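Supplied in structure tokens, the structure appears directly below.
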Amino acid sequence: MKTLSLKKIPVSLGIAILMAFLISIPFFASDYWITLLVLIFIFTVYASGWNLFSGLTGYTNFGLAWFIGVSGYISSLLISDYGFFWLYAWPIGAILTSIASIGVGYILLRIKGVYFAISMVALTEGTRELFGTEYLAPITHGGQGVPFVAGIKLPTLYWAILLLAFLSLLICYKIISSKFGLRLLAIREDEQAAETLGIHTTRDKIIAFMISAFLVGLAGSIHFTYQNYIDPSFAFSIHLTLTPIVMTLFGGIGTVFGPFIGATLFTLIHEILWAELTLLYMAIFGGILMVLILFFPQGLLGWMKEKGVLPRIRKI
Amino acid sequence: MTNFIEILIRGLMLGSVYALVGMGLTLVWGVVGIVNIAHGEFVMLGAYFAFWAFSLLHLNPLLSVVLSIPVFFFAGVMIHRRITERLVKEHELSALILTFGMSILIWNLAQFFWTNTFRSVSYLTGSFPFIGMVFAKSKTVSFGLALVITAALFLFLRYSKWGKAIRATSQNSEVALVCGINTMKMRMLTFGMGIGLAGAAGAIISLQWVIFPQMGGSYISKAFAIVVLGGLGNIQGALAGGLIIGILEAMVTQYLSAKMAQIIPSVTILIILLLRPTGLFKK
Amino acid sequence: MTKEPILRIEDVVKKFGEVVALDHCSFDIEPGSMTGLIGPNGAGKTTLFNLITGVLQPDGGHIYLKGEEITRKKPYEIARKGVGRTYQIIRIFPKMTLLENLIVVGKGRKVIERARDLLRLIKLEEKKDDYASDLSFGQQKLLSLAQVLMLDAHLILLDEPAAGINPTLQNELMVLIHQLNEGGKTIIVVEHDMNVILRHCQKVIALNYGQKIAEGSCSEIQKNETLLEHYFGR
């Protein structure tokens, strides 16, 4: 029986200190560290957005990149071709994506299990190809991509994504400790039984899907502004779907901080591996994935819960 | 009119190879219950197998096609025994992620060792005329090989003991379990068969097209479309599905553009899953 | 003066491909009654439950709840109208705690309190923070019944509630069900154990091959020769 327990440390104090530290980063850290953190936060939102829907409902969303790409394209095109200010372009992209996700969700969330995962991949691949065709090129610039500048300084972008990451985790926390969150879990456990117990599963699924789409889309818009470039193969790449999933699995699926921990550790590992073993980096990534699934399916936080280091109960 | 028939035949030739890939995937999916995202990578490995055998050992590629079957079968059995069997009872997400990791591992290792340089097997060059149309020798021979392998597969499934057990398991795995059929051994063999088909398809592909480490990607998406079209676990459905995808691709490429043809697998999957999720064909 | 039936099954037909699971089945259930639904395996009992709860849609016929047609309604709608059911193979939410299993069903105010009251009723309050999967089989049955009660169901469909649990627990469970019935809840029980049916139910409906072959009070059914022949063997 372990006596070490993190229950004792007041969590809110810890978070406040951490946030104060993170907010002050642009005042003393170099650009290298700021950009590293920007990436960590972007992927934190991707991962926690994915976790919010898939971690709770059990519907494996293999089309996260669709949210990212659609919102990314809307925002980037608004900035580059229509002169919108980033502060408006980003939320517009995210809101439109989340509205579109209601339709997508309504249609595709009837499909269960692996087939749902596949249909989301198909949607993403199809959209990617579509955005690259000659027919849509007048709007999307086709396969050649859109280089653009949004007129935003790095610290400002950093604070924006830091705020979004904080809000995402807060929203996740609120949902996981609410009755809504419990209903999503019930959907994962046994959707039909949940329905016969009066839970409006379709409505709840779509709401979670929408929230996920909004958060992930918004982070996507910020991501491409940061890159100063967007093209179909990157915007809708399977990599953008898989990486957040792996991060979540690593940190602990269905938990609040799992995605953040996963995003942080993975981005740092990525930096190290990239520097040392550029060529084999992806192969190692694949190998790590396999090891994770085979030996640590519950991720880091899940493993810690099992060992008694963390409390395993949700507080409603 | 001749043009249309030519495209149709071209589509069938294309589809016959896609069918091999699709049948392998549906076999593993339906019987073992695992969605092998790395299936496309084994096609790629099959292609490289034929290529290296040809370049280094001067082995006749047609022989490589035949050889690839036992080689990849064995590899598949080993992989299942050591790795994928563990996930049979788990949530399907686990198998998806595991095989995805395997896919990344394999093609990146291939890229590391063999580089991105396009390779090809120039063995069958030239073409021959047929009722006023012209077909490449490599494609025709490939078509023939694919048909032979498909026929062998069907005969095996129909008449052999294992074949019958496989069909029983894919139709009703619970009953098969009770009858003592659906064992780990059965799953290993089926997985091996699936990989064997992928490897053979890859070897056949090496005769016709260039080879590169990321080529598995396009085959896996077509394979998914084929599995969905044909119905999960339905081998005949996958054969038909493969031919359909091949014909669709040939037609769209001809009448619209090659780029538009890339959308076919995605659109097919979405349409079928929404309108007829069990696939077009009855078991 | 007869009260309006709480449940009316009218000429219901359900086919699965060629197989006719329910063949023009009709009967009424009086409010506050406890009815036993018997018949051999495959007679259509669970299918009937699935149709009533909206999990499946009939191919013909109508189903009325308190006079309102619910034939094509969705499961969650029907549940919210006060219809609860338990499953033959228990379906609680394994990786959620007992308390959560009940809270998730509740609507409106004071959900947590009601959940705790129910856990106290089924004598599992100390285990409120345990995962439902840690419970014994019999305890899970009690939990799923508690979920139905959380729903504030007036019509409760129980699919083999006594199966697979030891006689003591069986008794406890049936006593609880009986109390619920006395409290005004309408209950339909599917059971194979005739003793359970005869001891607790006022009325019995027998199905075979999707058809209703007999309906009546317990004493009537006991004396029915054709029924005994159908049900207990050739």
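Structural remarks
Each chain carries a letter (A, B and C) given by its place in the written order, and its residues are counted from 1.
Simple rule for what comes next: a residue touches a chain if its C-beta (ideal position, glycine included) is under 8 Å from a C-beta of that chain, and two chains touch if they have at least 3 such contacts.
All figures in this text were calculated on a predicted structure; none of them were measured in a lab.
Taken pairwise by the contact criterion, the protein chains link up end to end in a single open path, with no chain closing the loop. Taking the CA centroid of chain C as reference, the farthest chain centroid is that of B.
If you average the Cα atoms of chain A and of chain C, the two centres end up 43 Å apart.
The distance from the centre of chain A to the centre of chain B, with each centre set as the mean of the Cα atoms, comes to 33 Å.
Taking each chain's centre as the average of its CA atoms, chain B and chain C sit 48 Å apart.
Contacts with at least two other chains are made by no residue of chain B.
For chain B in complex with chain A, the touching residues are 35, 83, 86-87, 90-94, 96-98, 100-106, 108-109, 111-112, 221, 224-225, 228, 257, 259-260, 262-263, 265-267, 269-270, 273-274, 277. Residues 58, 60, 62, 107-108, 111, 113-115, 117-119, 121-123, 125-126, 129-130, 132-134, 242, 245-246, 249, 279-280, 282-283, 285-290, 292-294, 297 of chain A touch chain B in their complex. Residue ranges of chain A in contact with chain C, taken from their complex: 179, 182-183, 185-186, 189-190, 192-201, 313-314, 316.
Against chain A, in their complex, chain C makes its touches with residues 53-55, 74-76, 78-80, 84-85, 87, 91-97, 100, 103-107, 111-112, 129, 147-148, 150-151.
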